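This is the structure I have questions about; it appears just below.
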C-alpha cells in the first residue's frame, strides 16, 4: 500500500504544485469565511455620516482620484528595470558555484561583472542626475 | 491529473480575465483584470513545467508592470479623467464609440478563429510528445553559452530603458503657478 | 496531450486576438499598452507550449524569458511617454495626439 | 525513498485516513491514493494556516506587551492570565463590528484589496521550511516564489489606498506601493548573494550547506554575507511596513494610512496580513542566514521526534527575530519619506550590489569555503608549509 502511495505521490509536479494551489484556495476560503461570519453577526445600521469619507470630521472636499506626483513614478521605473535584471541574473547566479568548481569561474565572473556593470552604470547615472533624490531634483 | 486541473483553472482565469478586461469601462479595473489574466498565464507556465518562468512572470508583471500601470492611471487622473473627457470633448469614454467597439470585436473574433484553426491544423501535423522541460539551472547554463550575446545585450537594453524612461518622465521645471503636490 | 497543447495554443490565440481588439477599441494609451502586453504574452505562451510538446529542453523557455524582459523595458518606456504626454497635453487620449497629422 | 519522509506521508499511514479516503474515492470515482494525499494535505495546510494566523494574532499581543515592557508599563493584563486572551477578545470585537464602506469608494477594488494582501501572505506558507518533513511544496524555485507572491501585498496596499477615495488612504497607498517595490531590490539582491553560495533557489539547497552550529551558518560564512544579513533585515522591515519604516500607516501624519476607511474584519485582515508577513520574512531570514531548522547532531533525523525538534528550532529562531522587529519598532523614531527613499537607493542597493560582487569574488578565490574552513586549513597546513 505504502509503495503505491509514495510512487504516485512523488511525481514532481504533484508534490510541487498541489500545496501551492491548496494554500491559495485556503487563503481565500478561510479568510473569506471569516468575512462571512463577520457579515452574518455584525450589526447593520448604515447612515450617511458613517459612509462618508473620513477627512478629520469635515465634509470631504472633492475626490482623492486626482493627479499625483511624478516622483513615485520614477522610482517605479527604476524598480522594474532592476527587477528584470535580477530575474535574468538568478539563473546565472545559481550555476556560478558549480562552474567555479569546474574551473570556468573566471569566464562566468567576467560575464557577471560585465552584465552588472552596465546596470550599475545606469544607477550611477540616475544618481548623478538626481533622479534618485526625493526632493532635490525639484529645486533647480 | 493535477497539471490538468491547474491548466483548466488557469485557462478559466485567462478567458474570464480577458473578457472582463475588454468589457469594463474603468481603466483601473481593466488593469486588475489584466493582472488576473497574467496570473492565469503564470499558471499555464507552471502546468507546463516551467516553474522559473511562472515565477518570473509573477514577479515582473504583477509586482512590476501592473503596479506601474496603476501608477500611470493614477498620475493621469484616474477615474476623474474619464468623466472630464466625457463632458469636455464630447467623446465616448475610453472605450471608443459603438462602431469602433463592433469593429474591434469582429477583428478580434476573426483573428481568434483564424489562429485557433491554424494551430489545430498545425498540431495535427506535428509529432507531439511530452518533452522534459529544463529547470532554471539549465537556463543559466544556456544563458552563459548559447544565448550569451542576448544575455549581455539585454543589459544594454535595460540600461537604455532605464535612462530613457527616467529622462522622458522627468518633469520640466515646475512653475510656481501649478503645484504638483497633492 | 493533444487537448492540453491545443488548450494552451487556444489561450495564446485568445490573448492575441484580445490584444488586437483592445488596441482597436480602447482610446487610452495605457489601455493600448495593456493590449501590447497581451500580444507579447500570447507569443510567450506559444513558445512555451511548443517547448513543452515539440522541442523540449530550454530554448523556448529562454525565449519566453527574453519576451518578459522586453515587455518590461517596453512598459517602462511607454509609461514614461504617457506621463510626458500628460504633462504637455493634459490628456492620454489617442485621438488628441494628432500633431503629426496632415 | 523511505515512506516516512514527510509529514504528509506520516499522516497517510493512519488507518483512519485510509478508510475515509477510500470511501470518498469510491464515491467520486477517483483513485483513492489521490484522495488520501489531498485530504492529508488540506488538513496539514489548514492547521499550518490556523497556527500562523494565531501567531499573527498573538503578534499584536506581543507587540503591546513588549512595548509596555520597554516603556515600563504593564500592557494588557485584564483578560485571562497575563492578558493572554486579549487576542481572542480583540478578534471577537473585530468580527462583531459593523462593516462600513464609503459611498464614494470604488466598491469592487475596496472589497478586493484585503484579499490580495492576505492571499499574498498565506500563499507563501506552502514553501516555508518548518522542518525537513514539513516543507509542503518542494518546488525548486522556493525563495523566488516567496519574493514573487508577496509582491501581491504591495499591490493590495496600493489598491486599498486608491479604492477608498480618501486622501489619507491615497497618500498611504502611494507611499506603501513605492516603498515596497523599492525595498524589494535590496531584498532580492541580498537573497541573490546567498544564492551564489547555495547554488539553488529551493530551501533544500539553501539549507544543505548550512549546519546547526553558528559557524556553519551563512551569516558567518564570509564578511559579505554578514553585511548582507543586515541589508536584508533592514529591507524587510521596510517591506513589511514595520517601524521605523511604517510611513504608509504613519498614524501621526496619515490618520491610519491605507486602511483608514476599513472597519471590522476587513481591517482585521490587513492587520493579520501584516503580522503574518513579519513572521514569514523572519522565517526567511532564519532560513537564509541563520541555519534554518538544523538541529545539532541531527537528533532524531527522519522521525516524528526529529521533525518536532526541527520545528521548535525554526520557531525559536523566527520568534527571536520577531522580537527584534518589535524591539526595533519601539526604539527608533520614524523616518521621513525622502530619507526612506535615499536609504533604499543610495545606501542599501549599492551595498547589496557590492555584496553580490564580493561574494562572487570570494567564491572565485576561496572556492566557496567559509572563513572557519580557511582558518582551520591554515592552522592545520601552516606548520607543514613552513
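Read from first to last, the chains carry the letters A, B, C and D; within each, the first residue is number 1.
To be clear about the criterion, contacts are C-beta pairs under 8 Å (C-beta built on N, C-alpha and C of every residue); 3 or more make two chains touch, one makes a residue touch a chain.
Bear in mind that the values here come from a model prediction, so they are computed numbers and not experimental data.
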More contacts between chains, A-B or B-C: B-C
Identifier of the chain whose CA centre is least distant from the whole-structure CA centre: A
Chain at maximum distance from chain D, centres defined as averaged CA atoms: C
Separation of mean Cα positions, chain C and chain B [Å, integer]: 6
CA centroid of chain A to CA centroid of chain B, Å: 16
Chain centre separation in whole Å, for chain D relative to chain C (CA means): 33
Whole-Å gap separating chain A and chain D, where each centre is the average of the chain's CA atoms: 14
Chain B, residues touching no fewer than two other chains: 49, 51-52, 56, 59-60, 63-65, 67-68, 71-72, 74-79, 136-137, 139, 143, 154, 158, 161-162, 165-166, 169, 171, 182
Residues of chain A engaged with two or more neighbouring chains: 14, 16-18, 63, 65, 68, 70, 72-73, 76-81, 83-84, 87-88, 90, 93-95, 116
Of all residues in chain D, the ones touching two or more other chains: 34, 139-140, 144-145, 162, 167, 170, 174, 177, 181, 184, 200-201
Chain-level touch network, classified as line, ring, star, complete or other: other
Complex interface listing, chain A residues touching chain D: 1-6, 8-10, 14-20, 22-24, 26-28, 30-32, 34-35, 37-39, 41-46, 48, 50-56, 60, 63-65, 68, 72, 75-76, 78-79, 82-83, 86, 89-90, 93-98, 100-101, 105-106, 109, 112-113, 116, 120, 123, 127, 132-135
Chain A residues within the chain C interface of the complex: 70, 73, 77, 80-81, 83-84, 87-88
Chain D contact footprint on chain B (complex, rising order): 1, 26, 28-29, 32, 35, 51-52, 55-56, 58-59, 62-64, 66-67, 70-71, 74, 78-79, 135-137, 182
Complex contact set, residues of chain D against chain B: 30, 34, 106, 108-109, 112, 139-141, 144-145, 147-149, 151-152, 154-155, 158-159, 162, 167, 170-171, 174, 177, 181, 184, 200-201
Of all residues in chain C, those that touch chain B in their complex: 1-2, 4-18, 20-22, 24-28, 30-31, 33-34, 37-38, 41, 44-45, 48-49, 51-59, 61-62, 64-66, 68-77, 79-84, 86-87, 91-93, 95-96
